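Two complexes follow with subunit A in common, the first pairing it with subunit B and the second with subunit C.
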Partner chain A sequence: MAWDWEFTGRIIPDLLSGLVVTVQATVLGYALALVLGLAVALVRRVPVVGPLLHAVMEFIRCTPLLVQLVFVFTLAPGGISAFTIGFLVLGVHYAAYTAEVYRSGIEGVPPGQWEASRALSLPAHRTWGAVVLPQAVRRVIPALGNYLIAMFKDTPLLFAITVGELMYQASRIGGVYFRYLEAMTLVGLFFLLVSVPSAVLIRRLERRYAAV
Partner chain B sequence: MEFFIDRFPLYLSGAGVTLTITLIGAALAFVLAMAVGVLGTMRNPVARGVATFYTETFRGIAALVLMYWMAFAIPQLTPYEFDPMFAAILALGLNIGAYGAEVVRGAVNAVPRAQIEATIALNMSWARRTWSVVLPQAWAQMLPTFGNLVIELMKATAIVSLIGVTDLTRVAQEQRSATGETILAFSSALVMYFVIAQALILGVRLLERRANRRLGRAPEGGSGLLALLRPPPVTATGGGR
Partner chain C sequence: MPQSDLLPGGAPGAGGPLIRFDGVVKRFGANTVLDELDFTVDAGERVTLIGPSGSGKTTILRLLMTLEKVTGGVIWVNGEPLSHMRGKGGLVRAGEKHQREVRKRIGMVFQQFNLFPNMTVRQNVTEGPIHSLGVSRDEANQRAEELLDLVGLGEKIDAHPTRLSGGQQQRVAIARALAMRPEILLLDEVTSALDPELVSGVLDVLRGIAESTDITMLCVTHEMHFARDVSHRVLMFDQGKIVEEGPPEQIFGDPREERTRTFLHAVLDHG
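For the complex of A and B:
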């Protein structure tokens, strides 16, 4: 069976609607990962609770996202949509990564900055909010960007829990018409179309923030 | 606990399949990463072009998409059909190999310039220089990131359950539908994944120490088994991905 252009044209609208869901899940999941990761990085500095949280995050980081997705999806009560579960699990999984990134950023802030804040007797919230975090976050922007791309490439896993994203649409089309070639190739092309330019963008970010 | 003990052989065989795919996939990824990574450091524009094309393509496409493409699109395009396990290993190896190639390229380029100049002064050939001066030094630097990549690969093997390979994830799903014990079925699998990951991390750390010792560098954080369990310092470059 060779490539069928007419069939390709017919399935593109369905795939594009899947792509929209993919992007939505990525954006929501990433926002969650950014916020939650920072919270985890901060709580990790608290005694007792910190190491405990670290152990939990380590466990999440060392186990497959697919299993976590299916696990939570099967456990969740009926009222919650698969999409909600999808981006929540995605966000929590990636928070385990972004927390480490934030932590390395915080540890990279020179001790002199801490000492200066202390010498000026800045309150803790000013030390963190005005001195440490702006510097810490700035230096980890490229690393955080890498995880955005990584996360985008992990969204096809959501199809395992019936979220109607790109991969789901492609395998549905494949199942209905018994033709996988066109749909699967297009999915691959869509991914390249998004990841190659974003990789270039990250490289530019790296160059811009590397000097800090 | 009883649930797990009763089904331990089943889970163990699933873990065996997961580990097999991980190790063969890692071997494939390693060979690809080394070959393409070194190509990427050469002066020849064709070699560099090939390397860039490979890394950008296979890093850009998710392993799951690649695996489905191999399992379902290839039989339609050609008279051949891949065994699901083979498709999975190939897809994962190509994907992680692309990440690895970037690591190799970066590590080789990070070898101090003076080392290269010294080999030129000693009239070493390109092969000799790469093999006995550049790679041993680059090797110590790439190992920590390789460790992260092996964990990513191990986690990514869970996707093979979607095309019918009976790996750890598949066993968990089968046990869940057979018994209805969602929490037990899945947490048993998660714990086994975690154990495999820890074993892989430990293995890579042992390799790291050996590589550093061969370069005459003292291991960080002292010697002994306890120091092995302590995680090495994390850098701000964003892990293995």
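For the complex of A and C:
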């Protein structure tokens, strides 16, 4: 099968609209993973509720994202769009990972920082908000960045629940014209075009926050 | 050194000692570090704790700072039980709120400085006054400026601690502790982590504070000259017990106990 440039030109607009959906799902899912993961990391320190939550998160990490997507999509009440379900499941799934990242960041803050906060009689919200979390988050920025790229590369799974993202568009085009070569090549290319610069950026952040 | 009201004073004369350890026991697992320890410190008194590594000196300061809990016995500060509070039927273990209140009267300077690296020098010094004492930002800032001048770091007020030398960081930590106007200042080997050439700058600042205020000091140090200069009384510890105590001239000049003599020889040989 030879490469058809004219066909390539025709399918680009549809693929770009798919890429927009992919990016939207990633951004929303990632924002949810960042916030929810932090909340989970904090609640995990609470007695009784913490271990329970930990078990739930362990369960989420131990089952495939694809299964979770299809499961929630099937059980969700009507009226919720596939896109909404898609980014919510992505966000919750990745929150199970970011929670661990935050936890390691919090544990990495030296005991002396807690002790100095205590010696100054700081209230809990200042100890957490002004001393511990700023230092904890700073040291895990690179690890969090890696999950952004990982999540981005997982978005094609949304295809399974009919979200009109990049992969969905490509296979739709393939199905209509019986040509997959151009569309799938472009999908790979688009992913590379976003992933590689992001990875470079994250390596830079890594170097910048390596100190302290 | 200014004599002003810049620096905190001693305790209001409540009569009786400011600090009293009353049969204090501290165990870590099976390791008994302090076994029924009794001693008192008067308001305005400067006491130096000396003794070999592992004899429990840090533990005593950490108990006072409520960074550790007593296993048994009671610590009294200004007639108030530190680790306990008056409940029905006698003393009960103190809750977090009670401890926060008592803790405000006590400041601590750590061996490793423990400055907040994510804050500027100014924020380090104003954080406690603003957020735990409820002092206004203007007042806290003004006090931070005065205290940083006092420790010779006025021009570093907007620097980040990581940019400062160890000696400078420790002087910021001293200013941070004093900003809380504590009645009691705890100093745990505050020059041990410093390069030798930076030690005297920190000790000079502490000498100045000792001379110009009547703040009560509990000081763990291996700097025997400093201890001799500033302290009213020296306590020699070994294995969680006070082996010998007395004025610095006597402890350093004419120690009675063999244990004290060997310890001082060992320290002086290395210093």
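Note that in this section the second predicted complex is superposed on the first by the 212 of 212 C-alpha atoms of A that agree within 3 Å, B and C clash if a C-alpha of one lies under 4 Å from a C-alpha of the other, contacts with A are read in each partner's own complex, and residues count from 1 in each chain.
Keep in mind that, in the parts below, a residue touches a chain if its C-beta (ideal position, glycine included) is under 8 Å from a C-beta of that chain, and two chains touch if they have at least 3 such contacts.
The shown structure was predicted, so the numbers you read here are calculated from the model rather than taken from an experiment.
Peer 1: Please tell me, clash or fit, for subunit B and subunit C sharing subunit A in the overlay.
Peer 2: With subunit A aligned, subunit B clears subunit C, so fit.
Peer 1: Which partner does A:16 reach: the first (subunit B), the second (subunit C), both, or neither?
Peer 2: In the superposed model, A:16 contacts neither subunit B nor subunit C.
Peer 1: Based on the superposed arrangement, let me know which partner A:52 touches: subunit B (first), subunit C (second), both, or neither?
Peer 2: After superposition on chain A, A:52 lies in contact with neither partner.
Peer 1: Among the partners subunit B and subunit C, which is in contact with a greater number of residues of subunit A?
Peer 2: B
Peer 1: Vertex at subunit A, arms to subunit B and subunit C: angle between C-alpha centres to the nearest 10°?
Peer 2: 100
Peer 1: Would you sort A:66 into first (subunit B), second (subunit C), both or neither based on which partner it touches?
Peer 2: Touch status of A:66: first partner only.
Peer 1: Superposed on chain A, how close does subunit B come to subunit C by Cα atoms? Whole Å, please.
Peer 2: Superposed on chain A, the two chains' closest C-alpha atoms are separated by 18 Å.
Peer 1: Where on subunit B does subunit A make contact in their complex?
Peer 2: 56-57, 59-62, 64-66, 68-69, 72-73, 76-77, 151, 155-159, 161-162, 169, 172-173, 176, 182-183, 186-187, 189-190, 193-194, 197-198, 234-239, 241
Peer 1: What does subunit A use to touch subunit C in their complex?
Peer 2: Touch residues, subunit A against subunit C: 110, 112-113, 115-116, 118-123, 126, 130-131, 134-135, 138, 211-212.
Peer 1: Given the complex with subunit A, which residues does subunit C contribute to the contact?
Peer 2: Residues of subunit C touching subunit A: 65-67, 100, 103-104, 106-108, 110, 112, 114-119, 127-128, 131-133, 162, 176-177, 180.
Peer 1: Considering only the defined contacts, which subunit A positions touch subunit B in the complex?
Peer 2: The touching residues are 1, 59, 62-68, 70-71, 74-75, 97, 100-101, 103-105, 108, 139-140, 142-144, 146-147, 149-150, 153-157, 160, 167, 170-171, 174, 179-181, 184-185, 187-188, 191-192, 195-196, 199.
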